[in-house]
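One structure coming up, written as structure tokens, with questions to follow.
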Amino acid sequence: MTVIARATNVRHVYPDGTELCYGGIEFTVERGERVVLLGPNGSGKTTLLFHLVGLLRPDSGTVRVFGVDPAEQFERIRRRIGVVLQDPDRQIIAPTVAEDIAFSPRNYGVPEEETERLVHDVAAWFEIERLLDKVPHYLSGGEKSKVALAGALVMRPELLVLDEPFEGLDTVAKSELANLLSRLHAEQDISIIVSTHEINLIPEFVDTVYLLARGGVIVVKSTPRELFARPELLAAHHLEPPVLASLFQELRRRGIQADAAMTVQEAAEMLAKLVQEAGERHAA
Amino acid sequence: MHIPDGVMPLWIIVLGWVVTGVLLALCMASPQRRDVEARLPLLGIISAVMLAAMSLELVPIGYHLNLTVVGGIVLGPALAFLAAFVVNLVLAFFGHGGITVVGLNTLLIGAEMILGYYLYSAGLSLLGGRLSAGLLAAGVTVLALATSTLLMIGIVGLSNVNPGVASPEAAAVEPSDLSFRNPFGEGVVSWSPFAGEADAGAPPRMDLATFAMLVLGLGAVGWVIEALITGGVVSYLAAVRPDLVRLTSRAGGS
Amino acid sequence: MDIGTIDLWAVSGRSSLHRASALSKLLAAGLLVSAVIVTGDVFVLLAIYLVIAAGVVVARLPLARVLTIAAYPALFALLFSISRWTGSLVEPLLITGKAMTAAAVMVLLITTTPYPQLFAVLRRFLPALVSDALLITYRSLFILLELLNDLLMSLRLRGGLTKRRYLHNARNLAAGLGLLFVRALALSEQLHDVLRLRGYSGRIAGGVSWRQTTRHDIFPLGASLLILTAVLFFRYAPGARLYNGYFLLAAILSLLAALLVSHRRGAAGLGRVSR
């Protein structure tokens, strides 16, 4: 598999002198992979994302995205990356939703007819066509998230970078967003890098988890299933495992043999199987 | 203070637009252009901050803050003049300043901002650490606002304010005593368009001394309030983000 | 200057005036402001003001609130009026009336035209940098107003703003505004990043057609043209000033008619923009 993004021994020094060293495990993203950056506050998740999209320049170490140094040559790869920052409100620039989604294509010189088609296509995909002529600052948080995402995806990038996309959304909106990201990956084979605290949603749409410790060190690169089977590791980094993982660990602690379930579907199937087996034993 | 619509003769209004247009072009011409383009978000945001501050009515007679001197210090002269134009245009659309006199009002606000910047910078160089940034900014604010008020008096003096001819004879409704005359009392209407009916005498001139006394008197209250707030704002910025008020250069960043 | 309310009125209105194109309303505003500047007759000026008030009613906006917003320039106009005092009320009324009427024209424009539409027309005539700056200013203004509101609320809740403690309030307000500047700076840095990420390279490309017209354009254009013609007639045609009373009467009748229709709509439960 092709590696499209790589950060090697990156060191970042903040203006107040605080340092982040992304040592330990090398950070890589392969084409089509869905990666999440997980870690406590102060572990440098957002800073790493900013390095990947060229907004920050490392004090040492290297960053390569699509083969180039993004801090030096971002214009060469800009069209291939879609970015959604933590607060979508700060990202929406234009006075209407339609104009905001059209912002990138117009600025890249895409002909107007093609731009309109792209805008309508992406709006239809996100089911926000009714919002196209609305003024952004009157939209709800969930709607603004969708608009920001639509704006990031209108040019059909190969890599989507999202910084804390679930922040400020209600439960339903969070679920919707997680489903959207899964669907996006399934339909467009887009690579995704997300930083988030929403540990319960990670199994829904993630292939690889990078666990960052305070100070930026990457301590683990793992699948969600393997990582969430190690609650002690998560606890050491001020994180709790997803509710379902905790439930099945508690069941195992009580002597009930059950594999870890990552999603509600898996958990329901496992519990149904356990109940059936218990029923059969009882009948016997 | 804003010059409203309808008090300036046409030639001064046009002159205001022309001078403002030339200065805007100078601000946007290279070599400043790259700097202006790179700092466009800052220009827009600081203009928005000034507008947001202007929405705060401090005193029930309608006094509101301007934060023009702080804006000038943060933006520098070229961006400050652009911001003055943007702010005045937006204010005009919200009915807060005259739309025809955006040019003139831009010159006044722009003068405050630019003068504020240069006086503050000069004060920093000359006085160094002997005076706090806040006190310096407060003093500069009084000077800058006083100067722009004097500039406004100068413009008014230059203008020979002529709001229009007072109602002449034979109007159907006389404004001076509200009497009504039958307009058909002298027969059916017949008139020769643009026959050049003379206006009823020359309009009275502006009493510049009275005007100056009024604006300087009222203005002085505003200068003190603005100076207090500006001094407080700059003191705060000096403690939290000294680079913004030209005290140190900021290392690093995104 | 309740910017948030004004914007909401513009965006949520459904009257004929709201549906007219931005271009026609800008042209109409230009014609009306010209009429205000040209006229030297107090009653003609009053007539124009009443027609604008009728426009406010037709647009189903709260008349008293809109006219109060438009009355702001009267304060400055008064200074000029006092300096022009000749013993007659005519000049002061003219000066103050012109300022207020011109402001009323602009406020009617901005309360019936969403900023994006206005912006689409303006950017055709302004230098690129200025129109880009206007766009960013407008977009940021709402974010900053919210921030300012939160700041003021915090100050009030925590005793930072209390009655009759003027120096104390000034100090805290100054600190709050300083914080607003700092947050605004952070916002501008973020905006700079966003522009870079989204393809900005020196000019924000626009797309909304500025030449769009609708059948509702007839009303503002027609009315403003009529008014300017009348003003020029009264100003320059010999003897025409005899008839200024009729013009004023027509304006009063149009306002009464608008109020009556509005009252009937209200009774019928038809929507009105209010807040």
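Order of writing sets the chain letters: A, B and C. Residues in each chain are counted from 1.
What we mean here is this: a residue touches a chain if its C-beta (ideal position, glycine included) is under 8 Å from a C-beta of that chain, and two chains touch if they have at least 3 such contacts.
What you are looking at is a predicted structure, and each value in this text was computed from that prediction instead of being measured.
The central chain here, found by comparing per-chain C-alpha centres with the mean of all protein C-alpha atoms, is C.
Among all pairs of chains, B-C has the largest number of C-beta pairs in contact. Averaged Cα coordinates give subunit A a centre that lies 44 Å from the centre of subunit C.
One finds 18 Å separating the Cα centroids of subunit B and subunit C. Inter-chain centre distance (subunit A to subunit B, centres taken as mean C-alpha positions): 49 Å.
Residue positions of subunit C touching 2 or more other chains, listed in rising order: 135-136, 138-139, 187, 191, 193, 195. Touching of two or more other chains is recorded for residues 50, 55 of subunit A. Residues of subunit B in contact with two or more other chains: 253-254.
Per the touch definition, subunit B reaches subunit C in the complex via residues 1-7, 10, 24-25, 28, 33, 36-38, 40-49, 51-56, 61-62, 64-65, 67, 70, 74, 82-83, 85-87, 89-100, 156, 161, 163-168, 170-173, 175-176, 180-181, 183, 189, 191-197, 199, 203-204, 206-208, 210-211, 214-215, 218, 225, 228-237, 240-241, 244, 253-254. Of all residues in subunit C, those touching subunit A in their complex are 7-8, 11, 114-116, 119, 135-136, 138-139, 142-143, 187, 190-191, 193-201, 203-208.
Those residues of subunit A whose C-beta lies close enough to touch subunit C in the complex are 50, 53, 55, 74-75, 78-79, 81, 83, 85, 89-96, 99, 102-104, 106-108, 112, 115, 135, 137-138, 151. Residue ranges of subunit C in contact with subunit B, taken from their complex: 1-3, 6, 29, 33, 36-43, 69-70, 72-73, 75-77, 79-80, 82-86, 88-91, 93-95, 97-99, 101-104, 106-107, 109-110, 118, 127, 129-130, 132-141, 144-145, 148, 170-171, 173-175, 177-182, 184-185, 187-189, 191-193, 195, 202, 236-246, 248.
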